[in-house]
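Here the chain labels run A, B, C, D, E, F, G, H, I, J, K and L in written order, and each chain numbers its own residues starting at 1.
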Amino acid sequence: MSDHHVYKKVEVVGSSRNSIDDAINNAITECSKSIKNVEWFEVVETRGHVEDGKVGHYQVVLKVGFRIEGS
Amino acid sequence: MSDHHVYKKVEVVGSSRNSIDDAINNAITECSKSIKNVEWFEVVETRGHVEDGKVGHYQVVLKVGFRIEGS
Amino acid sequence: MSDHHVYKKVEVVGSSRNSIDDAINNAITECSKSIKNVEWFEVVETRGHVEDGKVGHYQVVLKVGFRIEGS
Amino acid sequence: MSDHHVYKKVEVVGSSRNSIDDAINNAITECSKSIKNVEWFEVVETRGHVEDGKVGHYQVVLKVGFRIEGS
Amino acid sequence: MSDHHVYKKVEVVGSSRNSIDDAINNAITECSKSIKNVEWFEVVETRGHVEDGKVGHYQVVLKVGFRIEGS
Amino acid sequence: MSDHHVYKKVEVVGSSRNSIDDAINNAITECSKSIKNVEWFEVVETRGHVEDGKVGHYQVVLKVGFRIEGS
Amino acid sequence: MSDHHVYKKVEVVGSSRNSIDDAINNAITECSKSIKNVEWFEVVETRGHVEDGKVGHYQVVLKVGFRIEGS
Amino acid sequence: MSDHHVYKKVEVVGSSRNSIDDAINNAITECSKSIKNVEWFEVVETRGHVEDGKVGHYQVVLKVGFRIEGS
Amino acid sequence: MSDHHVYKKVEVVGSSRNSIDDAINNAITECSKSIKNVEWFEVVETRGHVEDGKVGHYQVVLKVGFRIEGS
Amino acid sequence: MSDHHVYKKVEVVGSSRNSIDDAINNAITECSKSIKNVEWFEVVETRGHVEDGKVGHYQVVLKVGFRIEGS
Amino acid sequence: MSDHHVYKKVEVVGSSRNSIDDAINNAITECSKSIKNVEWFEVVETRGHVEDGKVGHYQVVLKVGFRIEGS
Amino acid sequence: MSDHHVYKKVEVVGSSRNSIDDAINNAITECSKSIKNVEWFEVVETRGHVEDGKVGHYQVVLKVGFRIEGS
């Protein structure tokens, strides 16, 4: 095993009708289906849609970091 | 009807004693009283007051976007 | 008493297994143990750790502002 | 007449199926219907929708500056 | 009366032949003619015109915050 | 079908000898060859090469957003 | 004595009823009461309170740099 | 000839009544009259004047890079 | 005469023992000795030296814009 | 062959116990194992871990650009 | 022991006649003399003095993060 | 001699096959050939070319500051 690692970051957008926290969780759950070794996230932007004068969806743009297998 | 729209963004600050999500909702509800066609929001800044060593109010600065009537 | 005040800002990172709001509260509570006159906070960055494909910890970087005693 | 003026800036989003230049013009034209003394614009953001693998709409976020009447 | 308020921010540009401080004051004075409950300002940008090799006008771009009546 | 979606953003650079609009279109066309559900783009940076004292190529850095299949 | 120094920066907010320059001076004077070797400052943000349609207080956020004793 | 080069960047503002692309070209053409080895440009800011409710001039702020002769 | 102009911006740092306004003026005066057609300035950064617990010099970083002769 | 190319940028984090330069090289080497036509990199962020009062690892966040095959 | 920690970040400037890496190390070493539990650093700015046409000192501005004892 | 100075900043790009430090030195050395009184530099951007899966050249964009003769 190497004494140094290389990580990759991908940018994803999670959404939720309920809360900002939930939008983050939805994005992390989706990423973890196809990516191994997900280790951290960074919130880049928070926004949302408005429907009938209320928040319809929270949308959170995240950078998600994972270790490259074998590095 | 035109095949293109023009939108306007206004900057508002919502506050809440309970949560960040709630501060956003309070701002959106207030905006929707006087503005039609509110479609989206973008969080610009999150801050708050501290009272007696605890969060007193969450304050969220938002840009709120709406379609200009007739455009 | 002076007619003007001087404030100081310190940068802290709060964390929580539960929510962003909770991470902010944990940081404010910790600051208030050692600092008097804490008056406001500003969120600088929101991030977190991922464990087993879910959010393990939310981490919120805050600037916390307090009035300098006697100013 | 005063020897100094005060200006206001509003943030608008113009769109066009044709080009970035056109999206700017659509926003300026729309603003000029309801605002007098429009003097300048600043592009804040350029984005767009994709339809069928092609640019569907260009969207340009502008700050539009105008002199406040009587200032 | 509500236990939370909603604020709005507008962006204005004040100018003065004399000083930066004066340009800020000119903008605040003008805003207060048409807006109630103005509570704070934030300097966004400082610039100016040059005439005959000297500063002709200072121009200060401000965000001006006010509480929405009834919120 | 879920009531929330997850999107991904990738960063690409399109180029064109003709115009900025064209450089954007070239990038979107190329992305759509290998990515499904491309929905929007955001311009991050505009630059170019100079050849013989004229613009040789316009280069536009874009973030391109698409919905993750099945989310 | 070492051939290299280490400096520290702290973030403070000075205020004044009179001017921006004065708000900076008030912050520097306050810092110098408790910190030795203050060498420079950087303005981070300029803002203020409005009272009765006029500037009530100028508030200037500064980073203040000083050499760490013995470094 | 050295195995490394040194480049310089200058900041210019091109303008045009016709288009953003044209404003860029006008700036590059003007620079190339007095500067040798111009190799690239980066758009820093896009703005313009409004005349009679329409775009009067597009103004594009560019950084223009060139190799220092002999480096 | 052309119907479009090209401008150049240079970055300078003015200083003054008295005030921020004065530091700006010193920079503009110095620029005007060697540059024709100076038209505007933009403040990029404000900072200063501290001497004996007081502001020793205000230093203001400016971009200074001028029209290129003959353009 | 086309007269224009499309490039993609990915964000990676290289680390090294030795130096910043080395952390960059480790990231580039790792990327080149799975990506063809890597042409350039841009440093986005430099940080690191501290162990026993010394730098344990340098971590450099890079954007790595490569030409899309066939474009 | 708590299941969440609170961290603090301080801003320091390290310098060195030799290299950027060395300037970082000098800052970390100095911080570790007076602060326990230093865990990470983030480079904020890199600059330096020039003497006799060569780099005299590299100066690196860092944020240094440490866990608050007992949190 | 005046009690205040005026400085100018120019933006240059140094490159090196060896290291970031070396790229900075190459830029400073080149600047000092044609500019007197060079006093400091600020790193604006670090990037590079990749050749055969390795760093080919480090490229560092610097602002270089010098005192204007006679100011």
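The rule is short, and it goes like this: contacts are C-beta pairs under 8 Å (C-beta built on N, C-alpha and C of every residue); 3 or more make two chains touch, one makes a residue touch a chain.
Computed from a predicted model, the values in this text were never measured in an experiment.
*Asks:* Chains in contact with subunit I and with subunit L: which ones?
*Replies:* H
*Asks:* Need the most distant chain from subunit I, centre defined as the mean of C-alpha atoms.
*Replies:* Centre of mass proxy via C-alpha means gives A as farthest from subunit I.
*Asks:* When subunit D touches subunit F, do the two copies use mostly the same residue numbers, with over half shared, or different ones?
*Replies:* Result for this pair: different.
*Asks:* Rounded to the nearest 5 degrees, how far is subunit F rotated relative to subunit J when their C-alpha atoms are superposed?
*Replies:* About 120 degrees of rotation relates the two copies.
*Asks:* If you average the CA atoms of subunit G and of subunit K, how many Å lie between those two points?
*Replies:* Centres of subunit G and subunit K (C-alpha means) sit 21 Å apart.
*Asks:* When the C-alpha atoms of subunit C and subunit D are each averaged to a single point, how far apart are the two points in Å?
*Replies:* That pair's centroid distance is 38 Å.
*Asks:* Please tell me the distance, in whole Å, between the geometric centres of subunit A and subunit C computed from their C-alpha atoms.
*Replies:* 23
*Asks:* Could you list the positions in subunit C whose residues touch two or more of the other chains?
*Replies:* 10-11, 20
*Asks:* Answer with line, ring, star, complete or other to describe the graph linking chains that touch.
*Replies:* Looks like something else, not a line, ring, star or complete graph.
*Asks:* Which pairs of chains touch one another in this structure?
*Replies:* A-B, A-C, A-F, A-J, B-C, B-D, B-E, C-G, C-K, D-E, D-F, D-H, E-G, E-I, F-H, F-J, G-I, G-K, H-I, H-L, I-L, J-K, J-L, K-L
*Asks:* Please output the residues of subunit C touching subunit A within their complex, sorted ascending.
*Replies:* Against subunit A, subunit C makes touches at 19-20, 45-50, 53-55, 58.
*Asks:* Going by the contact rule at the top, pick out the subunit I residues touching subunit L in the complex.
*Replies:* Going through subunit I, the ones touching subunit L are 10-17, 23, 26-27, 30-31, 57, 61.
*Asks:* Residues of subunit C touching subunit G in their complex?
*Replies:* Going by the criterion above, the answer is residues 3-11, 63, 65, 68, 71.
*Asks:* Over in the complex, which subunit C residues touch subunit B? Could you list them?
*Replies:* It is residues 20-21, 24-25, 28-29, 32, 38-43, 64 of subunit C that touch subunit B.
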